[in-house]
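Order as written gives the chain letters A, B, C and D; numbering starts at 1 within each chain.
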Amino acid sequence: MNSISEIAKKLLDENRVSAVVGYSIGSLPNKTKTVIVKSSQQAEKLIFNNLCVNNLAIYLTKSFRLTTQKPVAVVMKGCDVKSVTGLIQEKQIEREQVFIIGVKCNGVSEDGKNLSPKCYSCKLQTPKMYDILVGEEEEKNIEFKNPFSDVEEFEKKSLDERWNFWMNELEKCVKCYACRQVCPLCYCEKCIVDKTVPRWIEPHTSKSSNLSWHITRAFHLAGRCTGCGECERACHHNIPLSLLNKKMAKVVYDNFNYQAGLDDKAKSPLADFKFQDKEDFIR
Amino acid sequence: MEEKILTSQFEPKIASFVCTWCTYTGADLAGTSRLKYEPNVRIIRLPCTGRIDYNLIIKAFENGADGILVSGCHPNDCHYSSGNFYARRRFIVFRELLQFIGIDVRRVQFAWVSAAEGAKWAKLVNKFTSEIKDLGQFTNYQKIKRDIFLEEAVI
Amino acid sequence: MSRIGVFVCYCGENIGRTVNCSEVTQRAAKLRDVVYSVDYKYMCSDPGQQIIKDAIKKYNLNGIVVASCSPLMHEKTFRHAVVEAGLNPFLCELANIREHCSWVHDDKRNATDKALDLIRMMVEKVKKNLPLDTIKIPVTRRALVIGGGVAGIQAALDIADGGKEVVMVEKSPSIGGHMAQLSETFPTLDCSQCILTPKMVDVNSHKNIKLYTYSEIENVKGYIGNFEITIRKKTRYVDDSICNGCGICIEKCPQKKINSEFNTNLGTRKAIYVPFPQAVPNIPVIDKENCTYFKNGKCKVCEKFCDRNAIKFEQTDEFIKENVGAIVVATGFDLYSIEKERSDNYQGYGEYGYGKDPDIINSLQFERLLSASGPTLGEVTRPSDGKIPETVVFIQCVGSRDKSKGIEFCSKICCMYTAKHTMLYKHKVHNGKAFVFYMDIRAAGKNYDEFVRRAIEEDEAIYLRGRVSRIYREKDKLIVKGADTLIGKQVEIAADLVVLATAMLPQKDTVPFAQKLGIGYDKYHFLSEAHPKLKPIETNTAGIFLAGACQAPKDIPEAVAQASAAASKVLGLCSNDQLEREPYVAYVNESSCIGCEFCLQSCTYSAIENKSIVNSKGELVKKVAYVNKGVCQGCGTCVSICRSKSIDLAGYTDEQIYSEINSMFV
Amino acid sequence: MKNFKIKNDYKNFVKGLLSLNYLVIAPKYENGILKFSKIKNAAEILSPSEYINTVSSTKEYFFPQTEPVIKFTFEGKEIFLKDVEIGKKPKVVLGLRPCDAASFSILDDIFQYEYKDEFYFTRREKTIIIGAACESNDESCFCTTTGLAPDSSQGADLFIEKNNEEEYFLRAVTEKGERLVEQLIAEVEELEEEPKKNPLYEKIEKQIRKKIDLIEAKKWLDNNFENEKWEELSSQCLSCGSCAYLCPTCHCFDIVDEVNYNSGVRRKNWDACQFDLFTLHSSGHNPRDTKAKRYRQRVMHKFKYYADRFDKTLCTGCGRCIRACPVNIDIYEVVKEFAPLVEQN
């Protein structure tokens, strides 16, 4: 069986792709480093292990955009492929522009010890879409969890408890917008927070303007977020951003029976409607 | 008498976003019909509920609104055919988000008021105003707004 | 630098009674960027408008706020005035301190404060207004008339006589509508068909009219000046280009006992038929449901006898596209029925036996009984046994003005036609007695009241003011129990025939039809005019006009008058090859648009397309959204869908709305 | 300068500080993260052995994420300006590691370069910095490269260390620090002799990543403004800005007016050179339009430009940017790409 670095070497040697985006050994013991390999000599750097938590779909818009003539190869776990589906769906890339080196994944870890939270409700050990597949699936000993269990748990809290919880959490935000920068679906060149005419979201930090930003972020990702968890991982203040994203995913699933990242032909739920959408809340 | 004094202490600020074809015209009809209603609502006229983005609502709260009333054409009556359907979806999701964050969604009311429903508009304004009076000032939100004219510098 | 003028209108007492206008004016003068503020009794009057024009010049104003009535009322008036003073019309906004303030509040303090808030919001908005240019749209100079009743016919003829092409679509096999079913018309008692038939023929022969009967509107796309209509030409099974209307097919058809719709089920027709002898066009239709061939696969007698080979059993529905610039909707009315099982929200009349007794008929059926070309050839006989009724009870307001049945409106024409019925009945059955139960006699109109008096005084109709509580059969007679409120007694009449003046309702499928056109309707599903007084012909959708009873109950002269009015609107629209439209359209910020196509997906009008941005070398940089200004209707749905706020709506920009919100609560 | 022994335990010392009516800011777990926070009672304090370092630095207490510069109100058509007040209470920032304490001597230079930033200096003057020597380290620490060590007291007013008998003592570094200790006479006792060094500090120093020769690094940077290495080094960067927001020495900000109907405020908000909008001109031109140019700016500013101007490195080796980077861009590894390690005995 081919290893990722062999595949990459071949792809680059045969001039089939302009670059291979993948993982290499990190500078810290529990981290891998993302690399963009452009020559076959460097291809041997590429590895895959349980520390490869990053979602490399981000590079498809951040580093390449439509300007690339030749496709780009990307190493992708099953969960990451969902983001690619989203990007195709939203016309940011075309399928032919990406060569997906799919990896069978048995769960990844952010710290080398604990399984990443997103892995507990993952059903995509094998990617749904790929051009070549590597790795072997192990028998998984992970106990499958309802992806929305923490949302449901949180919803049991009273209104005030919820409000206080978020006020405490959002107060920590320093508006570095790392959550946005690492999100594969936050591909806008100029984000709404950077727009000044008018400035819907004030750039200073305060509970209210932080809330405004986080409502915006969650809302803009409603029906689009695939749950890769990069935002939460990038947040150095540990704001539970995934909880908001998951809530949105749940609302969209419950009301419109839609899950993001599964169908690149589907209409995004908020750019769509059905006559029978509920309106019991409307007078 | 006592009740009247109590309620008169708090006059809610209500922002309303309405479409011009149905609800704005309906509100005009309430006027032409000389129906009386509470003076707390400030209307912003938009072409369609489809134009009403969630951030208008957030901004209104940031500006001190105690309640927000969004209203447009009944389903299938939209002057633009489907603007209200998009709005309805947006509000299904947005309401849930507000609720999740701990905002009392009773403060954000959605309604369909047609151009013929002047009476419904008047009734709606009165009912919503009294509901917001019962809920009281939206201090939760007003407190988090950073007012450097009032707050004392700590650092 | 903004230099805003605020003009506060008293509207006589309408505003001034509840809003302290002079206080508002003074406080408005202190608002930021307001350089001039003044009040006047009637700002919309000539001297009022002159004040605005003078102030614009004198104070070099670049934004105008008129605090007056609803913008839906006078925005155009004031914008026009502003233009005359050399300012862009879109730099003028109205603060609605009448409909939304003075008329709905009692407390002067509150109303005055609210008025100032509304003005402040508009001052802040107008500061962000941009001068806009009206959009010019090409106009297809022809019209569509939907419905071939008297209103549709009149509208079509007027437009065609005005020199513009008309496409007329009628869903039934012939034009003529309800008027063709009537016997004689009030108040002159002239023969309905005699006055209508020539017009029908005119329609068919007019060089400017293209007639599609037995056809329906399948789809309407586009906008004022540029509608694309898809017409479904239903299958007649008769080739109308070959048939010469000789009628041999009808004569030979073995299926005889089919209820005639035209004769309100009082007569019969064949499976291949023309609805009535004077039908236009005189081309038969095969009723597929009742045709022996379609039922059993054998027969084709009509085909055998047709020497022109016009019968085409293999024919299918045809879809035809027509481009028009304007649409007249004249779909007419339907009668309410008193039956129990119904698809609408109304109640039936259990007290009148839910219409199951054959001798309780509605007024349209009675018209057919009176009509010389009707099933009885003008002889008044009762449906059950063909006996000449000697006592006839006419009941008015059946359904109409009856809240308990769900209809509150007055059907307007029943008082008149009931009077007519009593007269015509008396003229045919000389010994007959006509009783009329009425609530009020509404006979306002030229020669109308005189007509009713004649029915009572000369033709001896007995008018009883009161309602009928019950009708039941006792052998040969129908016992009508009711009240005569003028003498305060219960009355009981043994009648041979009961005629109900049932309410007028819009055509059954008006709602999906209106949705297809994108026009409004009221709670009874009558189509809505854009303004009850000032725009009674227009709908809310530009380029679509109303004529006749589809809007509200109307008698013939009213329907005709409105049809002519609609025709004049159409002719006005079609008199230029382009049209000016308000520039409320979306526009794209191409530098930040990222081409996710959400706006494109959600645009109802398909007004948004893709556009490729290329660099100087011709390489694709990115794709962005592009708005077709001619197609965009300015709803702004795309603006809300756009995450990066890269699309905005002129006239309702984010900045304008933001400014309003920011100044809302101060 | 004098040294003082902490008589009882560390918590009592903090209690003493609190009783002097100082606003005490020290590392504390809040909402699950360790950061410098206000200490309300001494029980909350972590002793220097209980943490490596905080997630974010202390700079927010001198140069907050958002800082009003001027306030204004509209009254009718008039505009009135109002000065902004700064917190009146004197502060003690306690428990800074040498890498954080050293950041002040760096920031002081820039905040008085050409123009003295009164907000920063008012806070600086009102604040006493009490550093604490490191008793542990992690893989990201590289303070030795920037000339620091686990027990360097540079930038602090007072410095907490352990002597070789594992007892905490305070080293007065500045007179300001000494004056504070003198008010705490119940809690401290002046030491006659210089305390004996605890061997722990030398041991940690050896565990820390090897020292890079920054003089050589600067030489390379002097000559390599244009170099394809920049593209390679920055290719995986996501421009998230975490590095700058957490850095104790990054000090860029943006000035923004926020205006409501009745009032407004001009604010300084943190900004970062890794954001593409940072240098975007209103014309649409962006002189640093690629990640390579932006990353070069970061490295150049830290190890060359700042050194050119102030003869200092704009980095204290705290390692925060390394810990926080979501794609493992490691500034230590980056510098090592073009500069050798210092030979150590």
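Definition applied: a contact is a pair of C-beta atoms (placed from the backbone, for glycine too) under 8 Å apart; a residue touches a chain by one contact, two chains touch by 3 or more.
Nothing here was measured: the structure is a model prediction, and the numbers come from that model.
A.B. asks: Would you pick out the chains that touch subunit A and also touch subunit C?
C.D. replies: B, D
A.B. asks: Looking at mean CA positions, which chain is nearest the middle of everything shown?
C.D. replies: Chain closest to the assembly's C-alpha mean: B.
A.B. asks: For subunit A and subunit D, let me know how many angstrom lie between their CA-based centres, rounded off.
C.D. replies: Each chain's C-alpha centroid was found; their separation is 32 Å.
A.B. asks: Using CA atom averages as chain centres, what separation in Å is found between subunit A and subunit B?
C.D. replies: 35
A.B. asks: Just the number, please: Cα centre separation of subunit B and subunit D in whole Å.
C.D. replies: Whole-Å distance between the two chain centres: 46.
A.B. asks: Residues of subunit D touching 2+ other chains?
C.D. replies: 60, 260
A.B. asks: List, in ascending order, every residue of subunit B touching at least 2 other chains.
C.D. replies: Counting only residues that touch two or more other chains, subunit B contributes 54, 59, 63, 76, 82, 86, 90.
A.B. asks: Residues of subunit A touching 2+ other chains?
C.D. replies: 190, 192, 200, 204, 206, 270-272
A.B. asks: For a test of understanding, state which residues of subunit C touch subunit A in their complex under the given definition.
C.D. replies: Residue list for subunit C touching subunit A: 591-592, 594-599, 601-602, 619-623, 641, 643-646, 654-655, 658-659.
A.B. asks: Could you list, by residue number, the parts of subunit C that touch subunit D in their complex?
C.D. replies: Residue positions touching the partner: 30, 32-33, 124, 591, 662-663, 666.
A.B. asks: Spell out the residues on subunit B that touch subunit A in their complex, using ranges where they run on.
C.D. replies: It is residues 54-55, 58-59, 62, 75-76, 82, 85-86, 88-105, 109-112, 124, 140-141, 144-146 of subunit B that touch subunit A.
A.B. asks: Which of the residues in subunit A end up touching subunit D in this complex?
C.D. replies: 26-29, 31-36, 54, 58-59, 62-63, 168-169, 172, 174-178, 181-182, 190, 194, 199, 202-206, 230, 233-234, 236-238
A.B. asks: For the complex, give me every residue of subunit D touching subunit C.
C.D. replies: Result: residues 74, 76-77, 260-262, 284 of subunit D touch subunit C.
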